[in-house]
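Below: one structure, written as structure tokens.
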Amino acid sequence: MTAAQIIFLITAAVILGSAFMVVTTKNLVHAALWLIVTLFGAAVLFATLNAGFIAVVQVVIYIGAIAILFIFAVMLTRRSMTDTGPGLNRGWWLSAAIALLTFGGLVWLVSGWGGFTKAAPAYPSGFDAVAALAHALVSPEAFVLPFEVASVLLLAALVGAVYIAFQRKGEE
Amino acid sequence: MDFWSNPVKFLDDWLTGVFSGWGMAADAARVLTAFVGILVLITLVMVLDIFLVWLERKIVSRFQDRIGPNRVGPFGLIQPFADIIKLIIKENIYPVGVDKAVFNLAPVLMMMSVLLLWAVLPLTSFLGLDLNVGVLYVIGVGALGTVAIIMAGWSSNNKYALLGSFRQVAVMISYEIPMVAALLIPTIFAGSMGINSIVAAQDTWYIVLAPLAFLLFLVSATAELGRAPFDLTEAESELIAGHHIEYSGMKFGLFYASELLHAFTFGGFIAAFFFGGWRGPWVEAYPALGLFYFIVKATIAYWLFGWIKYTFPRIRIDKMLDLNWKFLVPFAFVLVPFLALMHALLRETSFYALGMFLANIALGWATIEILRRRAHGERAKVEGAVEMHG
Amino acid sequence: MQSDWTFIGLFLIVGALIPAAAIVVSALLSPRKPNPIKDSTYECGIETVGENWVQFKAQYYIFALVFLVFDVETVFLFPWALSLNQLGLFAVVEGIIFIGILVAGLVYAWRKGMLEWV
Amino acid sequence: MIPLSWYLTLSAALFSIGMFGVLARKNAVAILLGIELMLNAVNINLVSFWRYNNPVLMDGQVFAIIVFAVAAAEVAVGLALVISIYRRRNTVVADEIDLMKW
């Protein structure tokens, strides 16, 4: 066992445990807080994978914006502090079976692939992934079009979501 | 190796050598040394924090024409230690209906979100990590503080705490946009997100190249810190004390200490991003001198926050959000491409610094002119309405 | 690179341990004498009415939503800011288009009166 | 050294947990929480493929960045729908939102 493996196992345990809490806990604010733990664990994994930019963006966007949005939405859509009721459907065991089948199927599928257990290639020394990513996103021969289209997607989401959620005057 | 050119590296090598001498693996020795170093740094930061309590009380008392703490020790310097002892031995009250786990976690997370900033704070050229995503790291750590405020407000089982924390979070996330935009500008100039690289690139201080970005950062950082005039969460007359109403003893102390330390840390970032950080005369010859320059600049910036805090009255939340969304955000999105364009055009020329400064002045003047016209229009409308009724 | 993140990880651990230690020490040293009045919710001495739940304005959500979209976009601007020095004017034009699309959303929300608090 | 299989297994497990949440939860907000877990599993996959394939090619990370944008758009619109429905019908239970059934 190397140190990297121990760190991975601890992080993985935290991610899976908190993800399990997200889908089972009755109190939705707790679920959102557990989601933050999961997201943070994923950020740690990205950092161990040398993807520093993705790790930090994960914290900025997921924890700083999306999780906060979730908590606001939970606060807006509840009748009282304690109203939680049964969290799961009656047919939850069927869902659990489907999820287990999916997990088994996915692992079975990828384990048949040749590169399943390959080790990471040596990280090129002196290679700055952040600078390379910046260049890839902006330079004309790489991903500039997806980059611009992403902003159009976000504009559409903003207009649509604000229109849906906006309470017009006189309504209620 | 010369001790004074890089004392931290010197001590680091020495300690790693000691640990290796005990038969430890090289990597383990290095990690353990880093651990000891961080422990020392954070302890020093906490001592600084205690000193900040004293400084804050002295500043506020001067603004209010008082003397401030002067009984315990010379100039009342021992006073904050007495406060700490009092806070530690005070009873921990758990009010009814408190969500204990979340309630206890919130102050720890709050303090942690401030302490984590010190990992990338460029104290000197050799101290302070030059993370290649440093600027985004600062914003991400700020997000943890937002979560801590929500946790504190929600777990307290108190309407005022909940309302206060939600207002504060609404304000913090709103002002994060102009703050991030203001931080884009040093990134553009330096071509790097590492904060130490940004300091190293400041042959002319960025306050000269982008005074407007500095103003934008100052305003949005004040809101981000939750300090007056933007301290809606602690609007004592409306919301008692916001998210930390129900906290007592050391947990309240952590909230209080983290607020002061946060302000000082942001003072440090102002120094680093706009005032050349550790740079100053003779720093090339004696790098350790940078620490002194940095602390002086950060303390001045911290005093600036105090000056703002004790001068302006609190702003109502709707006015505050208006200020952000209808002025700061549009202004930020004009400023960033404008400065990027000027930077790209003038970078190779000999009058780069002067040109950037004049461009800033021109944009600032145009903004003020537009605002003045609009204000006149509004005023004419209101006065016209009054005359018609009168 | 990797050592940077190890350092951050250590910082995270120490930064969590020290405040936690402060709370634990204070819990050990402080007295614990609860009574119903002391433990009641503090609302300036006035008896608490109802539960702590209040109806939130949907406006909180609108601001969080606008923030989310703008946050993602400004984070996307950082790669642009980094490569500006290499790509020069082309990148500036690209950034202006990007920010222009962003501002269109802001103008829409403003025009529709969605940025009003009341 | 950690083999790629560890990351892939973890992300498969996270994806399945998220899927369980989507299928089994009653509350519409909780269903969206499950979707977030699934999107994160995808991102872990993308970034580990980037690292284990050829770190000099940035495609994996660019993909992950685009996934962030998509996740943000999805959450914004999804939660807006939930809030809008809550305001009209006073419920967030997905089974009771059956207007489109008829």
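Each chain carries a letter (A, B, C and D) given by its place in the written order, and its residues are counted from 1.
The rule is simple: contacts are C-beta pairs under 8 Å (C-beta built on N, C-alpha and C of every residue); 3 or more make two chains touch, one makes a residue touch a chain.
Predicted model, so just to flag it, every value in this text is computed and none were measured.
S.K.: Give me the ID of the chain with the smallest distance between its Cα centroid and the all-protein Cα centroid.
M.R.: Of the chains present, the most centrally placed is C.
S.K.: Looking at A-C and A-B, which one has the bigger number of contacting C-beta pairs?
M.R.: A-C
S.K.: Rounded to the nearest whole Å, what is the centre-to-centre distance of subunit B and subunit D, using the mean of the C-alpha atoms as each centre?
M.R.: 33
S.K.: Suppose each chain is reduced to the average of its Cα coordinates; what separation in Å results between subunit A and subunit C?
M.R.: Measuring from centre to centre gives 17 Å for this pair.
S.K.: Averaged over CA atoms, how far is the centre of subunit A from the centre of subunit B? Could you give it in whole Å?
M.R.: So the centroids are 28 Å from each other.
S.K.: Where the centres are mean C-alpha positions, what is the separation of subunit B from subunit C, in Å?
M.R.: 14
S.K.: At least two other chains touched by the same residue of subunit B: list those residues.
M.R.: In subunit B, 131-132, 136-137, 157, 166, 173, 176, 193 touch at least two other chains.
S.K.: Quick one: which residues in subunit C touch 2 or more of the other chains?
M.R.: Subunit C, residues with two or more chain partners: 1, 4, 8, 52-53, 56, 58, 60-61, 64-69, 71-72, 75-76, 78, 82, 86, 91, 102.
S.K.: Which parts of subunit D, given as residue numbers and ranges, touch two or more other chains?
M.R.: Expected reply: 65, 68-69, 72-73, 75-76, 79-80, 83, 87.
S.K.: State which pairs of chains touch, listing all of them.
M.R.: The list of touching pairs comes to A-B, A-C, A-D, B-C, C-D.
S.K.: Okay, in this complex, where on subunit A does subunit D touch?
M.R.: Residues of subunit A touching subunit D: 2, 4-5, 8, 12, 15-16, 19-20, 22-23, 28, 31-32, 35, 38-39, 42, 45-46, 49-51, 53-54, 57-58, 61-62, 65-66, 69-70, 73-74, 76-77, 85-89, 91-92, 94-96, 98-100, 102-103, 106-107, 110-111, 115-121, 123-124, 127, 129, 132-133, 136-137, 142-143, 146, 150, 153-154, 156-158, 160-162, 164-165, 167, 172.
S.K.: Please output the residues of subunit C touching subunit D within their complex, sorted ascending.
M.R.: 58, 61, 65, 68-69, 72, 76
S.K.: Please name which positions on subunit D make contact with subunit A in the complex.
M.R.: Listed in rising order, the residues of subunit D that touch subunit A are 1-10, 12-21, 23-27, 29-30, 32-34, 36-37, 40, 43-44, 47-48, 50-56, 58-59, 61-62, 64-66, 68-77, 79-84, 86-87, 92, 95.
S.K.: What part of subunit A is in contact with subunit B in the complex they form?
M.R.: Listed in rising order, the residues of subunit A that touch subunit B are 3, 29-30, 33, 36, 52-53, 55-57, 59-60, 63-65, 67-68, 71-72, 75, 81, 128, 130-131.
S.K.: Taking the complex as given, what residues does subunit C use to touch subunit A?
M.R.: 1-2, 4-5, 8-9, 51-53, 56, 58, 60-62, 64-69, 71-73, 75-76, 78-80, 82-83, 86-87, 90-91, 94, 97-98, 101-102, 104-105, 108-109, 112, 114
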